[in-house]
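The following pair of complexes shares a single chain, chain A, combined with chain B in the former and chain C in the latter.
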Partner chain A sequence: MENIQSRLLEMIQKADRQGANNLLAAWSEEHGYEKLLKQILIPTLQHIGEEWRTSENFSIAQSYVAAKIVEDALFMTLKNKKDNVNTVSEKGPVVIGNIEDDFHSLGRRMVKTFLEADGWIVYDLGNDVTAEEFVDTAVEIGARVIGASAMMKTTAYNIKKLRKELDRRNLSGHIQLAVGGAVFMVSPNLEKEIGSDGSSSTAIDAPELFDELWEASLQQETVHE
Partner chain B sequence: MTYEDDKKITMVSCGVLKAEIQTLREQYWPNLEVNFLSSMLHMKPEKLAASLESQLSDDFLKTHKYLLIYGDCCSSISNLSQRTEVVRTRCNNCIDLLLGREQYRRLSHEGAFFLLPEWMYRWESIFRSELGLDETNAKSMMGDLHTKLVLLDTGLAPVPSQKMDACAKYCGLPWESLPVSLDLLRNEIQFALNELTTAEVIDE
Partner chain C sequence: MNSFERIESTIKGDPLDRRAFIPILSLYGARMTSCSIKKFYSDPEAYTAGQMAVYDEFKPDMLFGPFAFALIGAAFGSELKFSEFEAPNIKRPGVLSFAQWEKMALPDIDTNPYLLYFRESIRLISIACEGKVQIAACLPAPIDIPALVFGMDRWLELVLFESEQAELVLDKVNRFFVQLANCLFDEGAMVTFLPCGYASPAILPRNLVESLLRPKLRQALGQLKGPSILHHAGTIMLDHLDILTGLPSAIGYALLHTEGLSKARQILGPDPILLSGPHGPSLDQLESSQIEQISRSILEDRDREKDRHFILVTLGADVLYHTPPENLHAMRKALADVGWNAS
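Entry: the complex of A and B
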């Protein structure tokens, strides 16, 4: 187990997507695809979580390739899924997007990948999404969590409109608001200021955050019933 | 152009717009000083913040007023420009400063990745060394995020076609050039200058 993890890390360090995929395919052929994500890939990436948080040690290419490997592994797993084996549980649905005026989609795409690998059904609204679009979609599909991504302060402030829209429709609490993006790491008070319910500094931690927020939404309803 | 205020006005601009700002300055604001910071600071917002903070030290603010020709390029820039002696151009980044918000949004929705002439000199080291993207990963990532490269041609230098061809090939995307006037940039700088001084501006 350790051997494959350290070889996988090496591949990620070299940003070698093909090499990593070959390695994981060979491992899965032997041990089973259903174990790939939860037993090998996600724990390995969690292991490098710290480095991931500090871009000093982790290049854009390395983090891009790491997320792509997860995307590829998810695809491989689903392709090789035996009908009787439920490899990923179904959670959600949830809505994600980059907030109004924000076009930095890489982080949000990574969040989508990690959520899907964890079994979430994700509605990705893309870039430059208005507060109304977020809330309309969440209501329409029955999402309890909205994830809004913003790269810079100016665009992060647009998330305030989303909080306002949730308040206006009396949906705050019932629909939880997750936020993320580089700016939240360097401005610790920003999250509170714009009215978020929670955040995570990397895409790999997003599933845990969404679990918590989903639960918080359910709790809210028990309290109100 | 003269200002009644006795504090000296200095423009601080990202080097990515050096040619454009110098051209405008000669014509409209020949008496204003301008400092250019390296455009490579784009890649490291925390270093940009440190450079700006050292330019705008409390001591300097006793004798100077500053016009920042920058977008929201690092998280502390909004705090810096809240001081009365400092004004920043109204924009998110250098691209919407040149294009205006609506055209920037429209082209971004079409999937544009924008390039400025000054940036083109270093495109390869930015992709390879700064982002760590070899050609395979660059093609994949840029193909995921973008549909085309758009060079903003501000008309001050010939379009660097060979460099654009090479960069486009590396990213696996087509490229086009878009002629851009300096009018919006000039208006934004003038607007910021007007904000910075209550004194009468004798222009042109």
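Entry: the complex of A and C
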């Protein structure tokens, strides 16, 4: 791993947001803001994702710090963006939100940050989003993936309504349904039970999941054509 | 042996007739009495009727005061969301900034309706069960209370990026926590059950738990009138168990059995009570035979068999509303067959 990446990682582990911001600003001044995401942030996040999968001791706090640093970096990149340079390759759009009656926004907000860092255009509908609102927005903007977050079992069951709504409008397959949140980790069967197309146990892994689901949606169309 | 004696003997390490059995059946009382969730979590008499119905059906060795953490948040002004079959949740946090927090007065345990509900429920249960069974007050540990007041996001931010403010928050929270917990002891609770989510390696790294949270926990627990059981909050804890070991008033530690109970015992030393068992909120998804098997395998483990300070509990949060009663009886069955070897 490059020196700057390992220094960044160290700062994330120590929750040193300011230090990380200074480090990234200095690097960007020298190498160009447009290269920051692709050359530094995305590989570092991939490394963290990897570490998280293999180590029990990577905490929500550390990934939250990473998310904050990513937010700061995205902001800095936009501020310094030259008009003709495309800093982020655009993917999506996708829709995310906490399902009806769920108000645990932290996980969903982290998912949004990591998706944006990976170049996704994300429509975040916030907390307590009904099945109809999710599907209406997805149709309106042309999203192929909806990401629904829930922390309690009772609210996770509300995601069933989202699957039903997709079925009712004949959109299942074309619009893929990603789910996540604390309760899916403690109830492994739940994901299947509510009819999701995929899940990831951390926000850092969400971009990979969304890539797969986007691809699955495209595949589905070639099969049906 | 009655429940009182059984728990006392477990604390002392004396011989037992059988292991103590503590399923977390706070919410389940609503099911047993077909009580609406709103009434159950606001009317101490309805809550007490639920606990007594739980007692009649399952004869647990401990009953619980309300396990409804969101109500603690509501005492600080957070807005609640009730659903049909579960404990209330926080819809909107009551405090949005540190400045707002500094100005606010702590909720008064003698007049705040949410806090009176906790007090009165414990008082009524202790009258109703006439000393037959021990009562636990279930409270969020002081390190988790700010999540219910500021929201999980803001509290995490304070802990990570504004540690001086986080310390001040905890100082004030500690005053509230100690007052409330001691008052619940006065009302009849024998022990406090304290989930410590923020102490988990899944939430915070070791250095922060050690440097920021442990000293504050020590300060709060040192002022309690009665004992406490530190609880894993439904997540991993083993790698931070050493940090929680030896805190004042902590007589027991509840931990996922999948993390390794023998390792936990090594860290804790011989005396504290170790509590473990199947994961409560998953009992609705398992067959009763599977639950019996999980309970048996925990109890029959060689290290557990000789462990005099072990109690079979349901782990994680409350057992879910729709869990069939036979799934809870399955745990008792395992206990009846293999649970009495610690003599």
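A few points about this structure:
Keep this in mind: the second predicted complex is superposed on the first by the 212 of 225 C-alpha atoms of A that agree within 3 Å, B and C clash if a C-alpha of one lies under 4 Å from a C-alpha of the other, contacts with A are read in each partner's own complex, and residues count from 1 in each chain.
The working rule: a residue touches a chain if its C-beta (ideal position, glycine included) is under 8 Å from a C-beta of that chain, and two chains touch if they have at least 3 such contacts.
The structure presented is a predicted model; accordingly, all values stated were derived computationally and were not measured.
Considered on the superposed chain A, chain B and chain C are sterically incompatible, since they clash. Of the two partner chains, chain B and chain C are each touched by A:Asp101.
By the touch criterion defined above, A:Asn22 reaches neither chain B nor chain C. Applying the stated contact rule after C-alpha superposition, one finds that A:Gln219 touches neither chain B nor chain C. Using the contact criterion defined above for the overlaid structures, shared-chain residue A:Arg109 touches chain B and also reaches chain C. Looking at the shared chain after the overlay, A:Ser6 reaches neither chain B nor chain C. Only one of the chain C stretches 63-71, 243-251 or 297-305 carries C-alpha atoms that clash with chain B in the superposed arrangement, namely 63-71. Shared contact residues of chain A, touching chain B in one structure and chain C in the other: 15, 17, 59-62, 64-65, 68, 101, 103, 105-106, 109, 152-155, 186-187.
By the touch rule above, chain A contacts chain B in their complex via residues 15, 17-18, 59-62, 64-65, 68, 101, 103, 105-106, 109, 127-128, 152-155, 183, 186-187.
For chain A in complex with chain C, the residues that touch the partner chain are 13-15, 17, 56-57, 59-62, 64-65, 68, 101, 103-106, 109, 152-155, 186-187, 189. Touching chain A in their complex are the following residues of chain C: 81, 83-86, 89-92, 151-153, 156-157, 159-161, 200-208, 234, 236, 239, 279, 281-282, 285, 316, 320. Of all residues in chain B, only 45-46, 72-73, 75, 78, 92, 105, 108-109, 131-134, 136-137, 140-141, 144-145 touch chain A in the complex they form.
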